[in-house]
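The structure follows.
Labels run A, B, C and D following the written order; every chain starts at residue 1.
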Amino acid sequence: MCGVIGIIADRDIAPELYYGMCALQHRGQDAAGMLTFNGGPKLKKGSGKVTDVFSADDIRRLHGNIGIAHTRYPTASSNNLNEDAHPFLVYASKRIGMVHNGNLTNYYEMREKVKKRGVFLDTENDVELMVKIFAYEYENSSDAFHAVKQLMQNVKGAYSVICGIEDVGLLAFRDPNGIRPLMLGKNEHGYCVASESIAFQQLGYERIRDLEPGEAVLIHVDGTLTAEIIDQREHRPCMFEWIYFARPDSMIDDRAVYNARLKLGFELAQQFKHEVDVVIPVPDTARTAAMKFAETLNVKHREGLIKNRYSLRTFIMPTQSSRETEVNIKLNPIISVIEGQRVAVVDDSIVRGTTSRRIVSLLRKAGAKEVHFLSTCPPITNPCFYGVDMPTKEELIASDKNVEEIRKFIDADSLTYLSLDGLKSALKKENPCMACLTGEYPVPVESKEMALVATSRTNARKC
Amino acid sequence: MCGVIGIIADRDIAPELYYGMCALQHRGQDAAGMLTFNGGPKLKKGSGKVTDVFSADDIRRLHGNIGIAHTRYPTASSNNLNEDAHPFLVYASKRIGMVHNGNLTNYYEMREKVKKRGVFLDTENDVELMVKIFAYEYENSSDAFHAVKQLMQNVKGAYSVICGIEDVGLLAFRDPNGIRPLMLGKNEHGYCVASESIAFQQLGYERIRDLEPGEAVLIHVDGTLTAEIIDQREHRPCMFEWIYFARPDSMIDDRAVYNARLKLGFELAQQFKHEVDVVIPVPDTARTAAMKFAETLNVKHREGLIKNRYSLRTFIMPTQSSRETEVNIKLNPIISVIEGQRVAVVDDSIVRGTTSRRIVSLLRKAGAKEVHFLSTCPPITNPCFYGVDMPTKEELIASDKNVEEIRKFIDADSLTYLSLDGLKSALKKENPCMACLTGEYPVPVESKEMALVATSRTNARKC
Amino acid sequence: MCGVIGIIADRDIAPELYYGMCALQHRGQDAAGMLTFNGGPKLKKGSGKVTDVFSADDIRRLHGNIGIAHTRYPTASSNNLNEDAHPFLVYASKRIGMVHNGNLTNYYEMREKVKKRGVFLDTENDVELMVKIFAYEYENSSDAFHAVKQLMQNVKGAYSVICGIEDVGLLAFRDPNGIRPLMLGKNEHGYCVASESIAFQQLGYERIRDLEPGEAVLIHVDGTLTAEIIDQREHRPCMFEWIYFARPDSMIDDRAVYNARLKLGFELAQQFKHEVDVVIPVPDTARTAAMKFAETLNVKHREGLIKNRYSLRTFIMPTQSSRETEVNIKLNPIISVIEGQRVAVVDDSIVRGTTSRRIVSLLRKAGAKEVHFLSTCPPITNPCFYGVDMPTKEELIASDKNVEEIRKFIDADSLTYLSLDGLKSALKKENPCMACLTGEYPVPVESKEMALVATSRTNARKC
Amino acid sequence: MCGVIGIIADRDIAPELYYGMCALQHRGQDAAGMLTFNGGPKLKKGSGKVTDVFSADDIRRLHGNIGIAHTRYPTASSNNLNEDAHPFLVYASKRIGMVHNGNLTNYYEMREKVKKRGVFLDTENDVELMVKIFAYEYENSSDAFHAVKQLMQNVKGAYSVICGIEDVGLLAFRDPNGIRPLMLGKNEHGYCVASESIAFQQLGYERIRDLEPGEAVLIHVDGTLTAEIIDQREHRPCMFEWIYFARPDSMIDDRAVYNARLKLGFELAQQFKHEVDVVIPVPDTARTAAMKFAETLNVKHREGLIKNRYSLRTFIMPTQSSRETEVNIKLNPIISVIEGQRVAVVDDSIVRGTTSRRIVSLLRKAGAKEVHFLSTCPPITNPCFYGVDMPTKEELIASDKNVEEIRKFIDADSLTYLSLDGLKSALKKENPCMACLTGEYPVPVESKEMALVATSRTNARKC
């Protein structure tokens, strides 16, 4: 998924970018990078969490008034054993850096196209392709909006982009369908553009508004702001932001994530037909929906599963195979909550079904009399080509099994998926991108991309 | 606080000890160590989390049938810049290793005493003193229970100890008041002794019972178990285990932590006299109590504060002083939950008052109409000498301010502390150790120890 | 300076490349990188020594039959806080990777030129520019020799380049003046191209010959070799390879380094007119010349200065300023060798003069009666634009001082520089590149490059 | 072997101790540690080189006026997976820290003895035993010389010890035979005690004298010095210091190491009966002897073997077995020096014979017509019990083979060992410890120690 942030101000912005990355860390812990301009560009990026990549020294050296930063979601290791962390920087007449959240669906076609005029890429990273197309157009026109327009006419997919342009300013734009989030904040020192409003709250910016689909916003070094709709189509924001990705305290496309999650629980409650004694969430994401679900049904809400927050390494050991299910160190049931109860367990989604099956088994071993499984996300039947890391279609349990078959597989007493209508109602969005639920893709996908996603779980290009 | 675990089995126990430490990681992330016996002893310890200290190679090398392990709570750095991680190992006729959770209250007196017969310590760590006294008595008697008895007659304080004795077995004992927890589990391969029952659940041991105050249990290498009450006084278990330290899914001294926390919320609800629109917990510990509090009062329960789970470094930066309160990156309010509401916020305790004041301020900025603060722990008026890391008496806000003064300091509309009776009722314990609330210390404290704790925030000896 | 190596064989070559980099480690310890092809490309690079950058796992993952590798000389940190380590890889129709030793003298001009057709660079590294020009020409012609020809017609400077081309083979070429070394080796499994013959010795390749100035050699995947002189001018090999850079056990351009160094000592002896009691080298490079110098003059040869081989950090400490000269931890005199003696000390060169002055002072303090200083390199009066890291002209002591003035500065009793004729005679080269000694540059240097080197000590582009 | 250093001065000595450890780094790169007193003690130790263990922050925190430090030689990993680095610190009435170079020969006997009065050790490290015996005697007498006397009456072996005693001063002593070196230096700020005089040269201390065998020296905090011969026997300094361990620029027991090494070469020349064309050393230690050897015989002296200074990891790889001898990356011949020549190669010693055989083979492959091998150390026939890390007796090639058999094994044309008389003459010592050459051990060795060294290559207790 990735998180992006850009700031332009009348003072040094490196510390703010650092804290901004921390606030967006939940969107990606695999790599982090920051580019600032203070006259010339300064770049630091690397693999790991923000606090692993940046030292206090780095933040001092990255002193500047314009800057962009990125936190990257783990992707399968590419051929390039080095991390392809963002930002990408090009040495055009004006140095230009770019970060991006999303995924292009015609990457290979465009790579061939630019290759024809002698532009060879160093990586297989979307953002390198985008920044080089953008720089080419900007070089010839010195017009950022013109360059965005040319870019939008060429690349397809989901992209929320922030650019720093040397001596010019900070540019941000969002694809014509506005699939990935991007929003604008302001304080007395300058502007901030970020993936989620949590960054504004934590850095002391007032949230102004979301960028519109296909809109570009340029904040000039003199502090003035110019905005232009470049190419607007139907707004199709990714429903997974509210279901799973975004922090509960963020506001995305004018819909508070927390309220959306409460409503997911309310809608689930409308669909649920069984009698239960206790409602428990699978921590942490589903907690909000479970809370409202229980409230609506007037059933006891309890924490029945405790998550171990400390990452741990898994060893292959002689004695282990026999205990595989015993050592369930990541998730542990509270016996006193579950024993002898009819339990409704609420999770955010069911992907392969294996985790859900393990949870049901855990609850049964802890003495649950009945286990009713609920998912705030409708059945996932198709892969995502817009930047969400998912298994191949074959691995998605809902791609070839119906609800009753899935219920049997996870061994639950009942299984309730939120309906598509319930989902739309919860998000208060008429037509969010639900391609992974319906197979209806708002932006066309080139065949090579399709083939690639069909056979490998992840690709290195995903932001 | 620290977590301790020991295992004796008919197979290699190093992997289990590793996972056991992971399960007890919440009791201490500062250092970790493991000692196993396979004939001779093998020891590895170091600073950091379990996964930082141990590699897969270490676990292989630590192959053995008897073993003890420890996770250590952060303490102020001592004069010894190296970490004084547990276990401590002595080369007596039988090699003996020891881990411990607690704090001695006559350490300096005992150190002088052993010095008189030429025993000089290498560290200022309680456990080194204890293992050397124990080894001396064991060397002369070859009787573990006798040695424990001699130890108990000499050292004062809170201690839950596990020992591995080469070729002999695994020994565990608890101080005469049973201040710190320690319990016994069993499966078909052997026995496990640990600070919390979560370790049993995750490693596949059945919880048998808590050790009694002043009891010693020895599991011999042949698998037989001998237990003896050495010196039993009134059971005074530390009330903070249920309020804050233990994992919610643990059972301690026959009282489930989760149920105790629910009851804390229930008892708080009996005391609360104000009308509010929404109840929010300060995550994570107070969540359970807040849930039951809201349920009891029939008020909406919401997550109004989101915690950033990613640790971050704090920089001193030129622009920062002006924004100090803005960058509140650890805790962030959900505006939509709070705005315009009368909010009851439930926390586990109030120590210095500064965090509570910051939380009230955060909520007011987020638009709360009223902020009512509740603490599941009664006013903390005195320091702990039994292993809980606390500020000096002067720094404890309740040491010289009454409730109304504290309310003013934190700027809340009301402030409700759980009563002592409410606490006892929630824990279902007649007489828990509440020395930090009442100043009534169940075990006497030598004057040097008192002076030390009075002037410095922490000392290196704490378990 | 940097070291380069490429191998193509009928078996996995990653381990050989690893050991080859170790053999060339003396040419650069700042960064290391390796690219292999096994069908698709695999790349790993990073800052530090070879053993810091590569794990055994990396070597396994880099499995392939064609590969190139690079060790990089420390350069001043560039704006890009990430290391610009080689190899550089481009995704043209055939993936192409490149490593390089040398420096371009028309980099900025060429960067502008490619920018005009929309090719923007990501770094300020010569090799990125070269691989992109090469890839452009290769893409359109599929003819490696044609592409090299186009490249040679455009870029100016010193460059010894090795390319891996996916499914095609291994390509190596040397600039028209052959300034930097590059040579060809062979064994029964394949071919190796490297900066120095030491790599052949250590990997079991037979040294065939040096590449000629302006020659390109292509070894195809089928094992056949094609060679072509693309653009040959006078051979001007850098004299510093024999004086300082190369390992003494290497053979470069048909002249054994060890023999050349012996001859440097012999030639120095012809010029030296003073009576001395003992000859000592400044370790390690000057040892060979000093040995022959002493032998020729029939004077005792001793080690009078011992080098501390362990790198150490320098602290800024309150007590230090007063002891600055005392703590001379890198070089230490052997009193018994020096005390009361007339000492001839032989070094490889005098750059700023400050180190030489410190050495003379050390020897005097150790009791030397007279100190005669000799340099196997003639006075360095001009900066290098072909890849040797040197101070600016102002900092070069010989740029504005004559020999007598330098002698006074370093406080020696006499100072003898090897003559230009002596140097040529030692190298057995008629016309080596001696631009830094004479100011006569064999390849023109663009004005921006000149300005840059004139004002800053190093630039990030140097191989 | 290990290096020790202690300083007491009227100013902060932590930086000096740091640089002192760097100067003694050649005596041990496995671990390093420093203890200082500034009132209370401050200790830092860890595994790795000095620069790995200590940060600038550590040096600041270790601020003090009395201090001791240690660099430790690699030993086989003990049962204790943590490093047993020195110094060891005990909390007696005065805190006492100790470092040591040497090895006890009645460790197990003494360990039993102290165990009898209840003193149990935490490690299997000599120095822990010594500091605890010392502390016991010092505690009861407050008389450092008395305590040293008691210690000397109890422990046997080789030991050069430095102690820091809180508020009292710096104490140093050497075993009654003076097997390991220890010397005293002075400047206007205070005193320094160290293993080698190189430390004095580099820190600006004047070398006063070596400690005598069995002498103790105490420098009080007021700057006064008291010395006393506690128990003096025949001086038996380890001959290996001059042959191999010490830095060439050190002076040990009044004999300059460099001069001794020259003399080793001279003596070898007296014994050598063959005609050769060139003399080459095995770098680095044998270089001095080879130089004098060649000079004496009036034969050409050349560097024929070049050492790769960069440490490298060795991989086990499929293709490697076939190339095992090819990849000789640590030592490489200079063909032009060796080809067609009758070569005399001088090494410092022959231990197992395998390295010598490999060197002969390298030289033959490089074209040597004849290879004559010389060793400046006579045949090593017995293990060392005084702190030199050696293989077991069975592994020592000279333990059961005569010179001719060894010559055949290493495949040399001739083999010349320096004679015992030649060795004594070179060292200018009448009766150095040559136990490893003669089996005559100056200090008795307890049987358990003997058994241990007989079966395992190293033990963790050494220095």
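Before moving on, here are some points about what is shown:
Here, contacts are C-beta pairs under 8 Å (C-beta built on N, C-alpha and C of every residue); 3 or more make two chains touch, one makes a residue touch a chain.
Being a predicted model, the structure only gives us computed values, none of them experimental.
Touching chain B and chain D at once is no chain at all. Of all chains, B has its CA centroid at the greatest distance from the CA centroid of chain C. Should one ask which of A-C and C-D has more C-beta pairs in contact, the pair is C-D.
Centroid to centroid, with C-alpha atoms defining each point, chain A and chain D lie 59 Å apart.
If you average the CA atoms of chain C and of chain D, the two centres end up 37 Å from each other. Averaged C-alpha coordinates give centres for chain A and chain C that are 47 Å from one another.
Multi-chain contact residues of chain D (touching two or more other chains): none found.
Chains touching one another, given as pairs, are A-B, A-C, B-D, C-D.
Here chain D touches chain B in the complex through residues 40-46, 58, 61-62, 79-82, 88-93, 96, 111, 114-115, 117-124, 128, 132, 135-136, 139, going by the rule given at the top.
Of all residues in chain C, those touching chain D in their complex are 11-12, 15-16, 18-19, 22-23, 25-26, 29, 49-51, 56, 59, 198, 201-204, 247-249, 251, 256, 258-259, 287-288, 291, 295, 300-303, 306, 308-313, 315, 317-320, 323, 326-329, 332-337.
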